[in-house]
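Chains here go by letter, A, B, C, D, E and F, matching the order in which they are written, and residues are numbered from 1 within each.
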Amino acid sequence: MTAADSTGPSAEHATAGLSVATKATVLCEALPYIRRFAKRVIVVKYGGNALAGNDPAAALAYFAEDVVLLRSVGMQPVVVHGGGPQIGDLMERLGKVPQFVDGLRVTDSETLEIARMVLVGKVNRDIVGAMNVHGPVAVGLSGEDAGLIAATPRDEALGYVGDIAAVDPAILRKLIAEGLIPVIATIGSDAAGQAYNINADTVAGAVAEAVGAEKLIFLTDIEGIRTDPGDPATLVTRLRAAQLDDLMSSRAVSSGMIPKASACAHAVRHGVGSAHVLDGRVRHALLLELLTPEGVGTMVVGP
Amino acid sequence: MTAADSTGPSAEHATAGLSVATKATVLCEALPYIRRFAKRVIVVKYGGNALAGNDPAAALAYFAEDVVLLRSVGMQPVVVHGGGPQIGDLMERLGKVPQFVDGLRVTDSETLEIARMVLVGKVNRDIVGAMNVHGPVAVGLSGEDAGLIAATPRDEALGYVGDIAAVDPAILRKLIAEGLIPVIATIGSDAAGQAYNINADTVAGAVAEAVGAEKLIFLTDIEGIRTDPGDPATLVTRLRAAQLDDLMSSRAVSSGMIPKASACAHAVRHGVGSAHVLDGRVRHALLLELLTPEGVGTMVVGP
Amino acid sequence: MTAADSTGPSAEHATAGLSVATKATVLCEALPYIRRFAKRVIVVKYGGNALAGNDPAAALAYFAEDVVLLRSVGMQPVVVHGGGPQIGDLMERLGKVPQFVDGLRVTDSETLEIARMVLVGKVNRDIVGAMNVHGPVAVGLSGEDAGLIAATPRDEALGYVGDIAAVDPAILRKLIAEGLIPVIATIGSDAAGQAYNINADTVAGAVAEAVGAEKLIFLTDIEGIRTDPGDPATLVTRLRAAQLDDLMSSRAVSSGMIPKASACAHAVRHGVGSAHVLDGRVRHALLLELLTPEGVGTMVVGP
Amino acid sequence: MTAADSTGPSAEHATAGLSVATKATVLCEALPYIRRFAKRVIVVKYGGNALAGNDPAAALAYFAEDVVLLRSVGMQPVVVHGGGPQIGDLMERLGKVPQFVDGLRVTDSETLEIARMVLVGKVNRDIVGAMNVHGPVAVGLSGEDAGLIAATPRDEALGYVGDIAAVDPAILRKLIAEGLIPVIATIGSDAAGQAYNINADTVAGAVAEAVGAEKLIFLTDIEGIRTDPGDPATLVTRLRAAQLDDLMSSRAVSSGMIPKASACAHAVRHGVGSAHVLDGRVRHALLLELLTPEGVGTMVVGP
Amino acid sequence: MTAADSTGPSAEHATAGLSVATKATVLCEALPYIRRFAKRVIVVKYGGNALAGNDPAAALAYFAEDVVLLRSVGMQPVVVHGGGPQIGDLMERLGKVPQFVDGLRVTDSETLEIARMVLVGKVNRDIVGAMNVHGPVAVGLSGEDAGLIAATPRDEALGYVGDIAAVDPAILRKLIAEGLIPVIATIGSDAAGQAYNINADTVAGAVAEAVGAEKLIFLTDIEGIRTDPGDPATLVTRLRAAQLDDLMSSRAVSSGMIPKASACAHAVRHGVGSAHVLDGRVRHALLLELLTPEGVGTMVVGP
Amino acid sequence: MTAADSTGPSAEHATAGLSVATKATVLCEALPYIRRFAKRVIVVKYGGNALAGNDPAAALAYFAEDVVLLRSVGMQPVVVHGGGPQIGDLMERLGKVPQFVDGLRVTDSETLEIARMVLVGKVNRDIVGAMNVHGPVAVGLSGEDAGLIAATPRDEALGYVGDIAAVDPAILRKLIAEGLIPVIATIGSDAAGQAYNINADTVAGAVAEAVGAEKLIFLTDIEGIRTDPGDPATLVTRLRAAQLDDLMSSRAVSSGMIPKASACAHAVRHGVGSAHVLDGRVRHALLLELLTPEGVGTMVVGP
């Protein structure tokens, strides 16, 4: 081919120095993975922290390019995202002082409105926009849309912090069937229409189970799960759900990792093929995980 | 039937005093309209002002109930909304001072981000939520989703104020085909992924044309179009697009009504059956317009 | 809307005196019922007696309008009818003297031919015609068509009086799927092609079971089921199949009501949601039963 | 195959005397015709006279068997029938004296009701029943069903004698698509629901045109069209529509044959492949015409 | 019909001497069989020996005509063929000397290549070609295509003689659904892509089971199965699988018949309706077996 | 991913030395091409000479892997092949002496049979087999199957050498729609079922036009088209059909390249996006051409 319509950040690091043989080798290596995961749903939790760093816009662009590429080769990605830091930013700008009960943030109705604006109207939009520069492929959703996430209040004292009562994947299936990539902001609602803010890791796991995903992938800012959180050398590349349970029981898993680890263990016991904690700071981590034999991070399998 | 699962605001004003004959009469009267508009798209612009008043939440609940009822009897409603006052509120809370060029508000990137958060993360959510208490029927969309609205900058001096370059109704058709009600926030994006804020009246008209709607309906806060804006007695119930052009040329139409009037005239000349300006302050105005012989407001027909 | 294509008898009693608020209230009240019964089959037995009175043509027109309206809002009505009085009329005109065995009319081949002509060629046609003034929506069927009703002789001494051997609902499902209203004359046939006249109440129940109807409705000429047939004050508005069995055992149900009561009790035990005996003399009884919270008549539920 | 489920009148004349070679020859000879007419609509007008003779029930059984066989090998037959003699019989039994205007029978409302009962409730039923002994394949229709035949009055003085205003073949297409054989009684209706009796030859031609039939076949009681009605030796086996026009102009075609001849000439000029007048008294005339190289009767081709 | 597009060998023995009544009789006799086997798969093993004789091209033409006729009347034929004699011919011409181990021919890679060329490139082509003169209806397949037949080596000493590991009927279902006739050459392949030659009788049985065929038919060169291979008078017209087992145990079935008999017994115990051994030397044996009450050969039924 | 099911020849040259960044770069570079050619048909002529060399089996394996990879990423490859040298081999082994008329080989019926055995039964099989080690994706076809290639004799003196009368792509469309890769041997047949051998370059072009291919690619054994056949430095990377015409007129194109060049020029003028002559000796030439910006060989575009 003598002319390209190359787009995205990959253009910056040219491939000019690679031999055609090298290129062919890499492409061929990806073949069995492409075949294996064709028409399988891949749920990716895209966490704010995973993308922290000098250039968050570039990090998002790499992530978006990966997701669109996976779709191009026949996989069916679904993205779930949170946005804690961004919610905090707007609260601060509005002079809103956070309140806590037993260490958990109280979500009054004003906080909920701020969270919803930020998650649905900013973070979700940014992700959708980053994908849609590659074509009209992404559609933003809130858990409120078409009954996707039914929520219940977790604890009266916490206000509008919700737990998941049920996930109705019908709207996801419809969008996936049309070749679209759903991008989900984790606001749910109850039967009376009241919205709740829900933990994004938990939503990612529940969505993966509801659609029978092949993989549930958490993109975060560490290399994976360690048996000793403070020691990078204790990184585990593959473990069973039971082993992960043991690590959580023995407090070997850091508190910030608990929701992800729990979601991983639950998902692989409820129909999801495997669950992964990847280092989102590695460029194209998603692509490398799915299309090359090199593992990046930790893989959890059942039971 | 001896038990009902009645929901929504209608429960408050009971029908106990009506004879069954009266009820039957009203239901039968609606029959020919239900038949006529079955499987036809009805695009409704839901304006912030139309819903002003003592109890905006109740106004929204009535509106949502109407839209869901229309869908229940086989019509295919699409809702487009703006949110100017709500954007102004958040700007003020954030200490952002509006700037104007030739009377038009300059939209810098911070203003755009605020507008997007409010439109997509608040107003859109409120409308979707009000509908979904009746079942999982509504899905919120931004014009950025799946390439729905391609935008171009209007004027460099105005920043991210956009004009419509193209409407791709594919995602609307897919959602409608699934029995869902799309609710559209009027943010568009260009090929590079840059978002723009677009006039909601203009979007409503363009969407109605793109999907070949049967009706384009503006719910606003006056009775309809008047030949003398200051004189309620000059309300016109029905006029042709050419007559509307004359009214606009002669400055008989108020400036605030111009985008609506222009959209009406353009739409009926481009495949839309009729366009309407209704008084959204009348409870169930939409229902009455579509299911009874009484007209409420002004109807514009081509050519 | 400023122009209507109003049709049917409802035009005669104008709604001019009703406020728009009243109209809106009635329409909204119907919403939960429309939603609940969408895409559900409603089998209505339309009995000759239910429509007796000063103006049978008007009664039929009201009934037809109701059935068409139910279809317009998404229900799937199926009509089953008899025609005893009309058969008697033609027999008399042809000088045919009825013969009885143990109180049951003997149906020789000439009587059968008369019954078939009247049911299929007159009553069925009149019902189909009354509906089709609203559009091409109704299709007349005999139980002989496409194997709909397989019959067996009840008793040799009675001639061509049949019992139902089987109902094959395939043709009903096909017509319903096309948006059509099947209107069924209750002639069945055996494997050799011999036709039989079958009790219409029994056919209505068997059809409702075969298609898994939501409701089985008998339109007749009394207010409903009474615990004392002679005392209107003993009207029951709701009872269980077991209670209905008791009433039949204790002879509290009149003999003319027995086939209907039996069909009701059997149907709700075999997959039909509920069964109803309504007063067909009330104008729009069907509409009121299905679209308002007021009950008209008796509802039977399982078990 | 060592066991058969043979049905129908063919069982009576055994094939025991035929060699297997003879059988194979006949079956193979039919192959190109089966292939040529697969999925093509064949409209057959089944006239009362064609089936006159010693044993009308046997004639009907042969006809029904032929139609079902044609469907079994992939053709799509549609049957249209009249029933003049049978209408006359019932009128006579009811003491109704026919009245004529210019030689045409006046059809008052009582006559119409009789005609409708006989056509829809007797003749149509007999034909459907004769087919359905072979399986649930036939469905009776009146032109009133689902808007099939829109009628207009021919002449006020003739009462309810109708002309065809339009044929809406939607219901025919739906039934054919389901593998069913529509059998049409020739009653039409106007927009107000008034029924009319329509000439069956004319209906057959109009239906054939509306569905784009491959063949329009009139089964009658003469060998075909003759250039001299009184001379069997003048039978024509094949002629063009223009030649048929000439025969009609020169009064060479008998008056009873005129509606058939007109329908033939019109049909082949409006999309029907060929039109045929066959001798219905020949057993299996339909089968022989369609599945063997021997012609029976007259074929009309365009233009 | 006055003109035919008759093709195929049947043209040679004219039907001129047959009365139309005879023809109609034969056609009607076929009706119940056509109805019974519509949309049923009929797997036919076409053996080289069955077609031996003075004029193999004519034999093939008769066979092809039969298969195409069966498809024309709605059956779904699948053809499986071998080609032993033809493989032998080419080996001889190439000077290749057959080698045997325990009486079984050793298939080295050169022999395999010869077998594959002959089966896929000659015999398969000849059969496909003979059918396609009747229209584009046949498609040649090797068991290697689209994973149809997975093979395993039978015995190292025999080289590339394969057993069936699995049959994947997906490609057959797709072709049948498109109205095509698959013609299968019995080469299978293993996971590494190595081809194997497999016994055609065994393949025919396995294919019939995999597609749930109505019938499995072996066309061979004897009248059927005999209880004494040397005595034509001991021909059995119908027997159960258990009886066939007994005949095989007692060596009453000739060695050449063993693979066919085994396949028959296995097939009727694994979902195939019946299995047949027919005399392929009888012209149109297939047609006569399937469309007339006369049996030709032996029918095996379960269990 | 920590485990791979890597298959195919690519395993031999490991990617261990490549950084993950390099791999990601190559994969991302392929994205725009994958998106551009998704669901587009790519017709590849696979010539015997292109694969000549030390290890033809390895060359075939590389080619097969490329084709399967292209399908995996959403393209729709169709392979057309010849097999001249292999035909010559078998003729020689059978002692068949080639005869020529005006430099063209005479194809008598024995030669045709040999050609057909080799093309359909050997070369086609080898290609299908090489692909199907990656899964059940390839299906071999002869132009005789399902009426794919209608042939006419070119010249009586040449015997069964055919020209293309018509290509019916229906079978190709069906197989492609099922996700299968058609592999076409270039034997055509006439209406009487007579087979002909047809030039494979010509078939490739005609097939590409018939299916509206995006690309027509000739894999051969030179770097591409040169303006001076003898001088590698005159290789042209891109030219228009008109320029190619000029090269052919001026005899600058070598005689062996003429059929390819003609097919290229014709194809791009008849709906094919572009035509290519690639050097099949470069490993993964197909992959590199379609998924990287580097061109390998000559591209022809219209007009």
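The working rule: contacts are C-beta pairs under 8 Å (C-beta built on N, C-alpha and C of every residue); 3 or more make two chains touch, one makes a residue touch a chain.
Just so it is clear, the model here is predicted, and its values are computed rather than measured.
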Inset, instruction - Determine the shortest chain-contact distance, in steps, between chain B and chain F. - result: 2
Inset, instruction - Touching both chain C and chain D: give me those chains, sorted by label. - result: none
Legend entry - Euclidean distance of C-alpha centroids - chain A vs chain C, Å: 56
Inset, instruction - Round to the nearest whole Å and give the separation of the Cα centres of chain C and chain F. - result: 68
Inset, instruction - Between chain A and chain B, tell me the centre distance in angstrom, where each centre is the average of that chain's C-alpha atoms. - result: 34
Inset, instruction - Among the residues of chain C, pick out those that touch two or more other chains and give their numbers. - result: 135
Inset, instruction - Answer with line, ring, star, complete or other to describe the graph linking chains that touch. - result: ring
Inset, instruction - List, in order, the chains that make up the ring, beginning at chain C and going on to chain D. - result: C, D, E, F, A, B
Legend entry - Complex contact set, residues of chain F against chain A: 1-8, 10, 13, 15, 18, 20-36, 38, 65, 68-69, 72-74, 134-135, 237-238, 282-284, 287-296, 299
Legend entry - Touch list for chain C against partner chain D, complex: 90, 93-94, 113, 116-122, 124-125, 128-130, 132-133, 135-142, 144-148, 168, 170-171, 174-175, 178, 180, 187, 189, 191-193, 195
